[in-house]
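Shared between the two complexes below is chain A, which has chain B as its partner in the first and chain C in the second.
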Partner chain A sequence: MSAYQISLITLTCISVITVSGVFTMTSLAGMFSLGQAAYMSISAYLTFCLARYLNLPIWLTAIVGIVMSGIVAFIISLPSLRLRRDYFALLSVGFGGMVLAIVILLGKWTNAAVGFSKIPKVNHLVWIILGITVLIVFVVRNIKYSRFGRMCIALKTDEIAARSFGINVYGLKVKIYVVASVIAAVGGICFGLRNRVIAPDSFDWSASAEMQILLFFGGTNSLTGSVLSAASLKLLPEFLKGVSIFGMNLHDFRTTIYCILIILIINFRTKGLMGEKELSFKLIQKLAKKINRTVKKGGSK
Partner chain B sequence: MDLQLLISGISLGAVYALVAVGYAVVFSVLKFSNFAHGGMISACAYMGYYFQRAFPAPPPFYVTLLFSAFAGVALSFLIDTIAYRRLRKQQSPAIYYFLASIAISILIVNLLSIFFGKNLYAFPPIFTSTTFYIGSIRFSSIDTLILFVSLAILTFLILLINRTRIGLAIRSVAINSQTSRLMGVNPDVTIMTVFAIAGALAGISGVLLAMKLSVYPTLGSQMMLKGFVASVVGGLGSLGGAIIAAIFLGVIEIYITYYLGSLSTPIVTFGLMLIFLAVRPVGVAGKFAQEKV
Partner chain C sequence: MKECILRIDNLHKNFGGVVAVDAFNLEVRIGELMGIIGPNGAGKTTIFNLISKIYEPDEGTIEFDGQNITHKSQIQVARMGLSRTFQNVRLFSGLSVLDNVKVALDAKANYSLLEAMFLLPRRWKREKETTRAAMECLTLLNLDEFADRQPGNLPYGLQRRVEIARALVSNPKLLMLDEPAAGLNPEEVFQLIDFLHEMREKYPQTAILIIEHRMELVMNICEYIYVQDFGKTIAKGDPTEIQNNPAVIKAYLGEEA
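Let's turn to the complex of A and B:
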């Protein structure tokens, strides 16, 4: 594989990781956040700064970074999840701004807006990131089908009804928020390892908005859809690089295309591209049977 | 010195107030935060700038302001048609409005930076001197103008909402659009009116902000967060509360910048928002956005 192909694969994987993080929160529990990129920045900065200044191995500091993101998410969620869902979404924007302000404030260590680039090189990065991606998608899938996930879906559908069934709504929300933030934190570390430089700009609220856009494009109720749209929409700009219309390079219009796509999706196909369909072994078996039957029919004719 | 800080804070707060009122008016009726407002402000700033430059002799200030307000209304209708109308028909949950408005905001900023670049364009000055003194206190001309314009707009809006039939219709749709339909109010027309008001506000604040700062794509979305915090602290949907909170926020920000440096403002802003949402979610004066079970 060439270096370019490897960079495309890792880019896609990171996008899939972050979107599955958002999936646990938005799709399962119905919480909308524009501050998830902040958790990416917390873990990434902690991991790489600790590794640099304390000379610790990177896997150890990565664990510290992820755990710290979880703790921060827990602390933030305690007061803010008592609020209504829309207030929570509003608050997350402010939270993202605050984290980036702290990063810039600690410019002595984080190199402020210029970006922190003293990130060690890791061998076989593409396999590590691929493995993490598969693991995380598998975990999220299992969460969705577990008792915990079903409780979350009940909570999303109707909070009061869920409470009347004996679900601890507040505790569940805190848990799912911490899980989502930890997944975002893993994504942040992968992001740092891939790009070898982290700057506050890449974790601002539009980065979080992009995750939500990718999620809603694929379908909020379908993990398959979210993963597919996370991968394909992230790769789309790369294919647009060579294309130009009216003398303008389409690559410059990538964000525009995202926004137009999401507005179309929201207006005309509210449930997203995949709706509620999931890719599973059963579905594949069914499809195989169908194909088999049609082939047989064709043969008998 | 302290009085000087207070005056600067109030002037800064007036700018935030202008943005916050634009949010609050949409939130009060449609119950979603219109993130597209920031993008609209930027777009209107560009339109005002090119209108000003289109004539050999620059037109008077109020003509540009009026033009920009009308451009804002047109833009607002356009955004409503593209992004929100179908959502209203389908009675989609608030989260879709939220996402649509974010998408529109990013879209506008992106298109502006593609077509006009990220350079700063300076608005031609309208005052001969940028500051004037009363006693020993320095006033910034443009900030004072913004303060008076936003107070005038606020007075106009409060009168419009509390004293006219249109205002009554807006208030009734804000409480319940289905019931207001039974009372002979056309919710669609009312919502269009609200978007027209928001658009005009975006147009006016676009030109004023451009005069204060200069014209660049992220002009509006930078102000957006501050105006947004102000409208949260003021009570989402309450116009008076938003103005008070915006001025409060401006004063706090100036004091923090003076004593702690400008970098810590987002932290304090977030803290303020968290405290208000946790302790008093209806804000300083909020009575619209009360939770319905």
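Let's turn to the complex of A and C:
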């Protein structure tokens, strides 16, 4: 593989990891957050700063970074998840800003806005990131098809009815928020390892908003859709580089193209590209049968 | 005399200046079917919301299954075996009929989030048990053919029955039905009456408390009836007594000219 291909694959994978995290909280439990990128920055800065200044192996500091993100998520969730959904979303923006402000304040170690670039090189990075991506998607899928997934969808639709079946709405939301933040933290470390530089800019609220956009584009209630849209929309600009119309490179219009795509989706497929459909073996079998039938029909004519 | 499952003593609830429930007393025994009727605004649903702990009472005590639940939370009470349906069907729209029934068992199924994430053996075992119990309940109530359907695509009468199945699957000690016949056409009401009779045969241990407007349903299935008007109990007795009670006739039909 060329370095370019590897960089594309890792870029896609990181996008899939972070969107899976957002899927867990927004699609399953209905918590809309614009602060998930903050957890990426917490874990990334902790991991690489500790590795650099204390000379510890990267896998150890990565664990510290992920665990710390989980603890921060737990502490943040205790008061904020008692709020109504819209206030929770507002608070998440504030939280994201706060974390980045702390990163800049600690500029002595984090190198502030210039970016921290003393990140060790890891061999076979593409395989590691691919493995992590598969694991994360597997885990999120399992949550969806467990009692926790069902209870989440129940509380998202109707909290009072959910409580009347003994579902501990608040406790479950805290759990899911921590899981989603830990997944974001894993994504943050992968991001650092790939780019070899981390700066506060790359974790601001627009990064969190991008995750939400990718999620809604693919289908709010479909993990398959979210993963596909996370991968394809992230790669879209790269494909546009090779296309030019009337002498203009489409890559220069990528923002416009994004916006048009999103407007189209919002208008014509309110529930996202895949809606609530999931890719499963049953669905593939059904499709295969359908295709088989149409092919046969065509043959008999 | 059978054991008393729910005992309400001198229950009060005000909303601002409006007295929604005034000195309400009630006793329900195992396997009994009781009805609460009354005109709109009589405070019937408020009584349900007080029992299931959505509201806090201003005064009075509620005892359920031998324990004082007056100050317990909605979740605790639900886990003790008190189950209810809602006036407007509140099925979870993102879940299939089967999953809707399964979710009523999920709070008690004990496998952890980690076990769910990595598909450990206990997860499979518990999921199997939950699915079996939910399917059993659906089969018992003749709803099994709709298991994979989305509740939103079912006719209203069926949605009601699914909601009752969801409330029944955990074998509750007390089931509270809030206007189960609201929004049903006459034919569907008769189907619901048959359904409720059948349900009682299959779950003899479950006591049922029912709020209703439709007289044909209440008079047909309830053993004992409380009549509420403006927060007060104006009559109680078996269906024939209630039908001939002058105070009830007055509340329902108004004063004679």
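For this structure, a couple of remarks:
Rule of thumb we're sticking to: the second predicted complex is superposed on the first by the 276 of 301 C-alpha atoms of A that agree within 3 Å, B and C clash if a C-alpha of one lies under 4 Å from a C-alpha of the other, contacts with A are read in each partner's own complex, and residues count from 1 in each chain.
The working rule: a contact is a pair of C-beta atoms (placed from the backbone, for glycine too) under 8 Å apart; a residue touches a chain by one contact, two chains touch by 3 or more.
Quantities reported herein were computed from a predicted structural model and do not represent experimental measurements.
With chain A as the common reference, the superposed partners chain B and chain C fit together side by side.
Touch criterion met: A:M151 reaches chain C, while chain B stays clear of it.
Contact with chain B, but none with chain C, is seen for A:I266 once the two complexes are overlaid on the shared chain.
Of the two partner chains placed around the shared chain by superposition, chain B and chain C are both touched by A:I160. Within the superposed three-chain arrangement, the count of touched residues of chain A is higher for B, of the candidates chain B and chain C. Taken over all C-alpha pairs, chain B and chain C come no nearer than 11 Å in the superposed arrangement. Residues 160 of chain A lie in contact with chain B in one complex and with chain C in the other.
Chain B meets chain A in the complex at residues 31-33, 82-83, 86-87, 90, 92, 94-96, 98-100, 102-104, 106-107, 110-111, 114, 225, 228-229, 232, 263-267, 269-271, 273-274, 277-278, 281, 291, 293. Interface residues of chain A, counted against chain C in their complex, comprise 139, 142-143, 146-148, 150-151, 153-154, 156-158, 160-169, 175, 179, 221, 276.
Residues of chain C touching chain A in their complex: 52, 54, 74-75, 78-79, 83-84, 86, 90, 92-95, 99, 102-104, 106-109, 111, 113, 116-119, 123, 126-127, 130, 166, 170. Those residues of chain A that touch chain B in the complex are listed here as 30, 32, 34, 79-80, 82-87, 89-91, 93-95, 97-98, 100-102, 104-105, 160, 206, 209, 212-213, 216, 248, 252-253, 255-256, 258-260, 262-263, 266-268, 270.
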